[in-house]
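Below, each structure is written out as structure tokens.
Consider the two complexes below, in which subunit A is the common component and subunit B and subunit C are the respective partners.
== the complex of A and B ==
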């Protein structure tokens, strides 16, 4: 009997000391696609949340409480995401929901959150209508699809002043919506759309379509492509010596290191829109990118930066919130005004959006085989190169 | 006017070069089809394996992808022989309700190869950035005042040339050597070949090996101008399938002509209809060949020969 009580006392003491670092913990479940076709992005985001969690806990957590994250696999399916959200709100009584990757899943959760009056922070879903439905409880930190290319457009307006554009895009949701947006922007400009051509992902030879573009002599060639198509396109443009004033990519395939590795000198001077890059000047961005690379041998995509920053926003909101109830958190979230590694965050109601964060999207240019931020000028790491030399004048 | 001529000629050049490479993919499949009477649906996946061989040789030892042809083709030959001997041959002997269960087996082999590649090499996209990747020759370099500008890509031309050399080598092998003649005999009439003392079982294995080696060579020629990921096989299996049908189910001459036709047709649809139509065009040509020319290009060739 005596022995028992000693064990009790020891284990009690152990528990007490272990717990003394953090008196309490606060637990959040994050829905993410951990299996299925979007699993790669789910993984990037999961790792980024974990990096943020460790940093925050190392600095004392939130109001002295340790943050504990668990991840719920939505498989990238809206109906699964929906049921996860219902469970978190109804059963777990989690006062705030954040996470998910795709637009369709984010949309499903947004509907549940609004109905149950629980704040939801959208981290990566980019379809415009998520924050256009006058939802009071749904906030979004990432710019919407329609604003992805806004930095590029302002670069066009102020520097390039093109009269005509040729648009090539992959025949997927991403490619099509990117191309449609550019057409809309071109009408406003005004700039004449000479060609708008889609291609099947995985095409080997772009020369036929590029020859056609060449014969039309556009000022700008704008391409929306994934991974390797981007470098094939630029290599074949160089081969055919198509001399446009500017070659522009719509993020994705043009904004990743593989693009330069694979296209080499054909990548030089190409500009691309992007939401974020490891080179951006926001505080903490470079540190996060390097830490991620050290752990996982690769730089994170902008999705990683969004997830990483999301947890910092949550921490900031919880610190300011008067009470950790859904309504207390909603009020605090509305008052957010901070700069994260992803960029400045403020949730505004304007242009038909509610609780939407508007921020400058960036333009990168490949200069000397490196991505450099060139636009907006206040974030520039290097001065843009324009006009660019003609192909035959390059070495 | 000049611009239109330039556009047409440039498209023709692209289509011809692409067609030459397509022909090499189709050739291996047609050969296997001719001898074994089965469509090898793992064909593109075998090509993927060869591309990984070329990729790793380039990345680890800086061996030029064109030189890795000499490593990848023998390797693929033995892989092909092994597959035929230990997997396909035993299945051919089994009586089953499905008449072509060896075709289903090739689908399975393809899936396994693609999944193994994903497990070992991840699903990341890879490429071999060779220094001459976007080098090209231009008409104006040779003829200063040319009214039009045409370009000829260096790696594409090199790949095309290598494809032609491999094809010619195959032709010599099939027409001049004993083994080659035995393979053709097996393709023409298995029973007669058996009676003439041809070891049909060995010929099958050799044929599958050669088919795999051919598409392996095609893989090495493709990687400098394309890129690589584990599930790329399907796309090229489709190309090979269309060419085999277009060429006439097992005819090697037919496959070469079919490949070039498909290459030019795809390029022309891309230029004049739009690139989104290229896969539709491929499918159309496939159906058209089945309906209007069931014997493929080979039947036209045969008619001409008989006419003489």
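== the complex of A and C ==
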């Protein structure tokens, strides 16, 4: 009994002193897919939010208040994401919502946020139409799908000059809109679209589709897919010895370290569009990447950088907001103009979008088993390798 | 007393929105009622008629898409989908029933399982018609407040409950049970088994489809993976009925309460909430092992546990 009371007293004191460091705390719950098929990305984001939280708290928090983050598992299901959003607005009275990974969950939350007049910062959902609804309370920090490949397109134009392209994409929101956009770009080029094939996520064999691609001899093979599919596609391209001038990926699965680990030498010289890489010149990017690597033995993908920067944006907005009410925060959010580790952030209304951040996207190439930024040239960490050697000339 | 239970519960539910529940609580309530309708639909086919379906997502998705496509192609309110889904699903069920209901037991279950997946892949690939994976988004939902959604779904649920009760108290119901108990015996007594199984499938499909049409109007966004999934809809439907009580009137309601409300409560608990899937899984295993007839079906077993020992003598 005595022991218990000592423990109580000690923990009470500890809590008291910990509490006294910060006068108050400000608590945010973040919806993320922590279980289910998108859990991998949810995990990367969760870790990144935590790194940002510790950094901000170490520097005194927001207006002297300590940030406390809680994570709510949405399981990647829109109706659960919606429940979480309703709860945050109604029960927790949280004046601003941010987070979620997939486009469909982001859409569900965006609809609630707009109806309930609570600002929502979309962190990774990429489908174009989220910010095309004229929503006043929905902001998005990541470029939309239509802009994901803009860096890649300029690389095509200036270096590769392809005449034909084959597009393979997974059947999802992200895959479809990525492929549609590439078709539109190809028409402008002009570049002939030889095939546009959709496949089921998590397929075990791509050889039927790839044989078709091989017979058509495209200059470029462009693929939009997640990790496992990305590496299997490249491995089977290698097995079938399909020699295209360039193998290009549309971000997501091609732009995260697991791709190189599981595709091994088949990944060599593959280029991919990405929104961010650890080598970018933005302040804090390198530090964040190194810190993440130290903690989790791997570099974060662009999703991590987006999450990490999202919390900095929230901090910036809260510092500038006149009042911590939904409307006060919305006004402050609209006035955001800052550079984060992810890149410059400004929420603009243009080209049919509302409150959308526009930025340069990058091109990475796998050179000697490492991702290197190769395009745009001002951000390049290494010179691109092009033309790439044919399969039979490789070791 | 038992006779007055449904109207009493209905009356209590009718007054609930007036108490001033938060919109979060209302959302959970709406989902619970929606799932109990799906459960009632499944129960009619799987519980009473004994034809276990693993593809109710097919009906749910058809309902949701008939509402969504009306809005997308013709620009009319998605609520018409509630009406349109009735003929759409009746026809679909007839076609499916004609093909699949000749199969029995596991083969029927497998056929329905395939059906859900077939429809999902179809919806993903008919890009011109369904927008594929981009899904259908309603720009402006009818109401911001939950009250009216609540009353709509409550009305649907009351209607479904009444329908199931009336059907089961009629001759039709006895045919269903006869088919479940022994199909060959039923056949030899002159019951046209394929016909009555098809009727059960139609009723079941329509109820589920109407819930789907409601979902479209309520959530404002659907895509093939949210309305045609195997795990999140088809399997959950089976679980709702299994946990609540197969072939009982209140089973689907109790099941929905557990699968939606309890799942949300466990998920929201601080600290242990992180393991919500595990905890919930364990709970389900317990229910299935110790209460094989579901909570309503084995209600006596549960009350027996709390009675003083002496009472058993």
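Here is the rule we use: the second predicted complex is superposed on the first by the 295 of 395 C-alpha atoms of A that agree within 3 Å, B and C clash if a C-alpha of one lies under 4 Å from a C-alpha of the other, contacts with A are read in each partner's own complex, and residues count from 1 in each chain.
Methods note: a contact is a pair of C-beta atoms (placed from the backbone, for glycine too) under 8 Å apart; a residue touches a chain by one contact, two chains touch by 3 or more.
Bear in mind that the values here come from a model prediction, so they are computed numbers and not experimental data.
Chemist: In the superposed arrangement, does A:262 touch subunit B (first), subunit C (second), both or neither?
Modeler: Only subunit B; A:262 stays clear of subunit C.
Chemist: Answer with first, second, both or neither: which of subunit B and subunit C does A:171 touch in the superposed model?
Modeler: Both partners, subunit B and subunit C.
Chemist: Quick check on the superposed pair: does A:54 touch subunit B, subunit C, both, or neither? Answer first, second, both or neither.
Modeler: It touches nothing on subunit B or subunit C.
Chemist: Go through the superposed model and pick first if A:238 touches only subunit B, second if only subunit C, both, or neither.
Modeler: Touch status of A:238: first partner only.
Chemist: In the superposed arrangement, which partner chain does A:25 touch: subunit B (first), subunit C (second), both, or neither?
Modeler: Neither partner.
Chemist: After the superposition on A, what does A:83 contact: first (subunit B), second (subunit C), both or neither?
Modeler: The second partner, subunit C, only.
Chemist: Is A:200 contacted by the first partner subunit B, the second partner subunit C, both or neither?
Modeler: both
Chemist: Hey, what residues of subunit A end up touching subunit B and subunit C alike?
Modeler: 171, 198, 200
Chemist: Would you mind writing out the residues of subunit C in touch with subunit A in their complex?
Modeler: Residue positions touching the partner: 22-25, 27-28, 31, 121, 124-125, 127, 132-135, 137, 139, 141, 144, 219-221, 223, 225-226, 232, 264, 267-268, 270, 273-274, 276-277.
Chemist: Within their complex, state which residues of subunit A touch subunit C.
Modeler: Its residues touching subunit C are 34-35, 70, 72-73, 75, 77-80, 82-83, 86-87, 89-91, 104, 107-108, 111, 115-116, 127, 129, 133, 171-173, 175-177, 198, 200.
Chemist: Any idea which subunit A residues touch subunit B in the complex?
Modeler: Residues in contact with subunit B: 40, 171, 197-200, 202-209, 211-212, 214-215, 227-228, 231-232, 235-236, 238-241, 258, 261-266.
Chemist: Where on subunit B is subunit A touching in the complex?
Modeler: 3-4, 6-7, 10-11, 14-15, 18, 123, 125, 127, 129, 131, 133-136, 138, 149, 151, 153, 222, 225-227, 232, 235, 266-268, 270-271, 274-276, 278-279
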